[in-house]
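Read from first to last, the chains carry the letters A, B, C, D and E; within each, the first residue is number 1.
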Amino acid sequence: MSALRGIQLNKSYRHYQVLKEVSFDVAPGECYALFGPNGAGKTTLLKILATLQTPSSGRFEVMGLDGIRDRNQVRGILLMIAHGSYLYGELDAVENLRFALGLRGLSPADREIKIALDRVGIGAFADFKIRYFSEGMKKRLSIAKAMLIRPKVLLMDEPYSSLDERGMKIMNQFIRESTQQGAAVLMTSHNRAQSAEVAVKAGVLHQGVLHEIDVKELVAAHELF
Amino acid sequence: MIRMIRKYEDWFGVAGGICIAVGLYLGLAASPPDYYQGEVVRIMYIHVPFASTSMTAYFVMTAASLWYLWKRNPIVDNMAHATAGVGVFFTAGALFTGSIWGKPTWNTWWTWDARLVSFTILLLILIGYLMLRTFIEDKEREARYAAVLAIVGAVDLPIVHFSVEWWRTLHQPLSVSPRGIAIAGAMLFPLILMSAGFYLILTYMVGVRTQMLYLQQLLEAKKGRLLGEVHL
Amino acid sequence: MNFFSVIRWLAWKDLISEMRSRETISSMFFFALIVILIFSFSFSMDQQTAKTLMPGIMWVAFVFTGIIGLGKSFLAELQNDCLENLQMNPIPRGAIYLGKLVSNFLFMLIVELILFPLFVIFFNLDVFDKLPLFVLILIAGTLGVSAVGTLFSAMTVQIRAREVMLPILLLPLIVPVMIGAVEATGSVLSGESVTFYRHWIELLVVFDIIFTIVSFWVFEFILDH
Amino acid sequence: MNFFSVIRWLAWKDLISEMRSRETISSMFFFALIVILIFSFSFSMDQQTAKTLMPGIMWVAFVFTGIIGLGKSFLAELQNDCLENLQMNPIPRGAIYLGKLVSNFLFMLIVELILFPLFVIFFNLDVFDKLPLFVLILIAGTLGVSAVGTLFSAMTVQIRAREVMLPILLLPLIVPVMIGAVEATGSVLSGESVTFYRHWIELLVVFDIIFTIVSFWVFEFILDH
Amino acid sequence: MSALRGIQLNKSYRHYQVLKEVSFDVAPGECYALFGPNGAGKTTLLKILATLQTPSSGRFEVMGLDGIRDRNQVRGILLMIAHGSYLYGELDAVENLRFALGLRGLSPADREIKIALDRVGIGAFADFKIRYFSEGMKKRLSIAKAMLIRPKVLLMDEPYSSLDERGMKIMNQFIRESTQQGAAVLMTSHNRAQSAEVAVKAGVLHQGVLHEIDVKELVAAHELF
């Protein structure tokens, strides 16, 4: 069975076809890494899968559910970590976590929250307003959120951006754990080296078309596109 | 400079307290009631000092702002900031006492009179000034923008002062003007005493507040240096 | 998941953020104060006209102030792409609408309740025996404005000329609410008997109900494709 | 380098951009129209009061519309950090101020000149013999508003609650200008002889001069440390 | 003689000291590359040198001029290429160039502009509105601008970001040319390989302190910080 499956997805903006017949398949416990030049349509694809945009044609399935028809159920399965941190500036780190979890009907114990914050290395900033967080700290808080939600399908748009080297290690550690527990991960990236550490499948999106490539090529190839 | 403030501010406070105590006694008990306003006139001994100190406070704020833009001395900015905060208090006081005075004399708490409105605008500018400062993160920029606002806002100052001359309306005209002094001696003395007391208190409050803002800034800088050591 | 807990979380988040920064309420308050002064001065009135115009001035000031608050409401959600996050969470769209409506309504009402005594003083009104009626009218008028306003705030925040489009779209629609509120306020002030202005209050309530239901229903199409 | 050529380049840029998108002027126009409508409804006036209130309504509408335009003026400079670019170019700050003042003034004036005939029709005014005087008052009032407004637009665009702070700071300051403009307009309308309202126009001109000079001078401290 | 020299520069934000006693020296014809983790203060340093911010203490010299006292002259010498593209969305490529050059008192011939656009590979988009440009195209236009201005000192904040591989080559080509003609270049970067091609000096900013390193280390070192 596949956890996340795209079937001939197309997407056009007014003047421009961004995605052309994109099909792919990510099984539970797999991590799929997506590459491509700027403006290739990676973010667009992720937004479609996150039910934020509709494809012009084609469809996709999440844990066997239709991504468009059953989108309300799909939303409960998916979690996206993107460029935006989805955090509120005036709330502190713990309050932001509580809010995000509350929307999903979860209310973890203080101790659980504390552990998650410590694991991503920002335990000391638990009661800092997000307004004073640096980009890297926000990204780490997003990891903590994902740790607490434990989604079955994780979408990540450039997970390594704005993280320093220790931060990237934490991120990969988290991805490895999630896949071990059976989650499917789809990430876009410009960082071949880091992605190669966790990905078991890879693809390049170029001029709207998705080409699957061997993960070994990620490190070996001189140029991907 | 902060040392100087430290050293003298208490004297201002004490002297101001004494002046106001004596002034209140003379004004409320010892002076004669007014020819046609009767006992009500006694509010004057509070209203007029409140009003003139608030005007002075704005004036001082403008001067400090100019000085800051010229010399960029952060303490001067603290002083301007302090004066604004204290100024809001005195301005509100003048409005409040004026309002109370208005009820028996004009038979209304409030009327759309040129002085009243221009003075209310002064209050709004002061509050806007304080709000502006809370919305800027960068200390230096905060000081600069606040100074600019204070200077542009100072255009309202002459309007308040001369409004009673330019628009002849309900409010009392200037009693001390080029045309002479229009007030009885027995009322003048307590009024002068009260005014002196208010000015001293104004100085005292500005001093205390300036110090507070200055120390707060020191503390933040210190915290900054400590936080600079904390890294992920 | 749970409809009402989502509403509670959303309203909680907005109220806490506001308690921290006090940005919205304080700026709405001073904006309103200044608008009132500007109006009063521009219409250089004597005591009598002041009193007849007062309901109009009051409601125009309230509505403009409300627009300021409404404009900021969803703008805050744009900050870290939080709106996208709400969109892709598994929560009913209607709950998002109601959660936002609660906070917008409360912000407006709080500002109005602070301003009302100032009107009483500025315009020398005699209202003490009819206070409950005034509060009723305030609540009814405010609900009408914030019901449509919340919808349009979510809509305009996602388009180009957002600062202008909110008033341009909102103002014409709430004209009936404004007329109702102005007439009702005027009648109560001039001491007419309730039977004469009952219908205005009924009109207000009817509009509140219609606007809330319609907005609640179409809100889904603003946030979802 | 050359003072006047900088002014020309800046104004040219703003005018060309506006000619392309027509966003500012068209939205100002509709906003003004709606404000006027709202006022007319809220103050349920008969013909006679309408005429006495007309100068106030007109100037309030103009000023609020002006604030919309002023708000967008420097916001456009934020787009690609263009404001930073202006700051670090070797050009006199005063020239930036005057360049922006020119475009702001023109936008406001254009909208006012389109709206004025509408006022004449709505309120049944008889103005044809005094048109030059009206235009003079329009120019003088608009200059006063845009002189301070340009300064504050540059200031508030760089701070947190910018949409609210512009009106909060600007409106109190331009009350004298508004009074002058309203009184002068009213007097001209009621057909008084010039000697009766001369001083209002003089007041306007004096404020224009003071505000322009003071703003020109302090503008340096807004853009430069 | 040095073209750009920092002398014990310090910079603190309200809660945070970003730069600590930073000193460096770039001679004419040299290219200096600056590295460091996120939030290290690289952009802050560049902004100080571009006269956009003041250092809390310390000073800097540009071609022998004091950067703070003589900032108006310094601004004529410097040019910064940063994250923001400093372009106006409604103007086309050529108009944007004309505006930027006009502010510096330059008015190049059409042919010169055409050549510059061709060299950066966007000659075909000369009359496209910037609004439709991709990030990479905007960056290329900035290079064309710098080519026409020929500043003596160039500051570049992450010059390679958002450029594709051909774009990076054009950028390095331009940097090499500039230094050959005697310009000093200071760049920040996260891309060691690209910077190593042009830089002759390098430094790492870490916890506010600048450590000079050997350029050879850029490629060799496993971790810079």
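Assume contacts are C-beta pairs under 8 Å (C-beta built on N, C-alpha and C of every residue); 3 or more make two chains touch, one makes a residue touch a chain.
Computed from a predicted structure; not experimentally measured.
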Steps needed, at fewest, to go from chain B to chain E via touching chains: 1
If a chain touches chain B and chain D alike, it appears here: C, E
Maximum centroid distance from chain D, chain identifier (CA atoms): A
Centroid spacing, where centroids are CA-atom means, of chain A and chain B in whole angstrom: 57
Gap in Å, rounded to a whole number, between the CA centres of chain E and chain A: 33
Distance between chain centroids, defined by C-alpha means - chain A, chain D (Å): 48
Averaged-CA centre spacing for the pair chain C and chain A, given as whole angstrom: 38
For chain E, residues contacting two or more additional chains: 15, 54
Junction residues of chain B, two or more chains touched: 117, 121, 124, 128, 131, 135, 137, 140
Per-residue overlap in chain D, given as positions that touch at least 2 other chains: 160-161, 165, 168, 172, 175, 225
Sites on chain B touched by chain C in the complex: 99, 108-112, 117, 120-121, 124, 127-128, 131, 135
Touching residues (chain side chain B, partner chain E) in the complex: 137-140, 220-221, 223-225, 227-228, 231
Contact footprint of chain D on chain C as seen in their complex: 23, 27-28, 30-31, 34-35, 37-39, 41-44, 49, 53, 55-57, 59-60, 63-64, 68, 71-72, 160-161, 163-165, 167-168, 171-172, 175, 178-179, 182-183
Chain B to chain D touching residues, read off their complex: 69, 117-118, 121, 124-125, 128, 131-132, 135-137, 140-141, 144-145, 147-149, 151-153, 155-156, 159
Residues of chain A touching chain E in the complex: 37-39, 132, 134-136, 162-165, 223
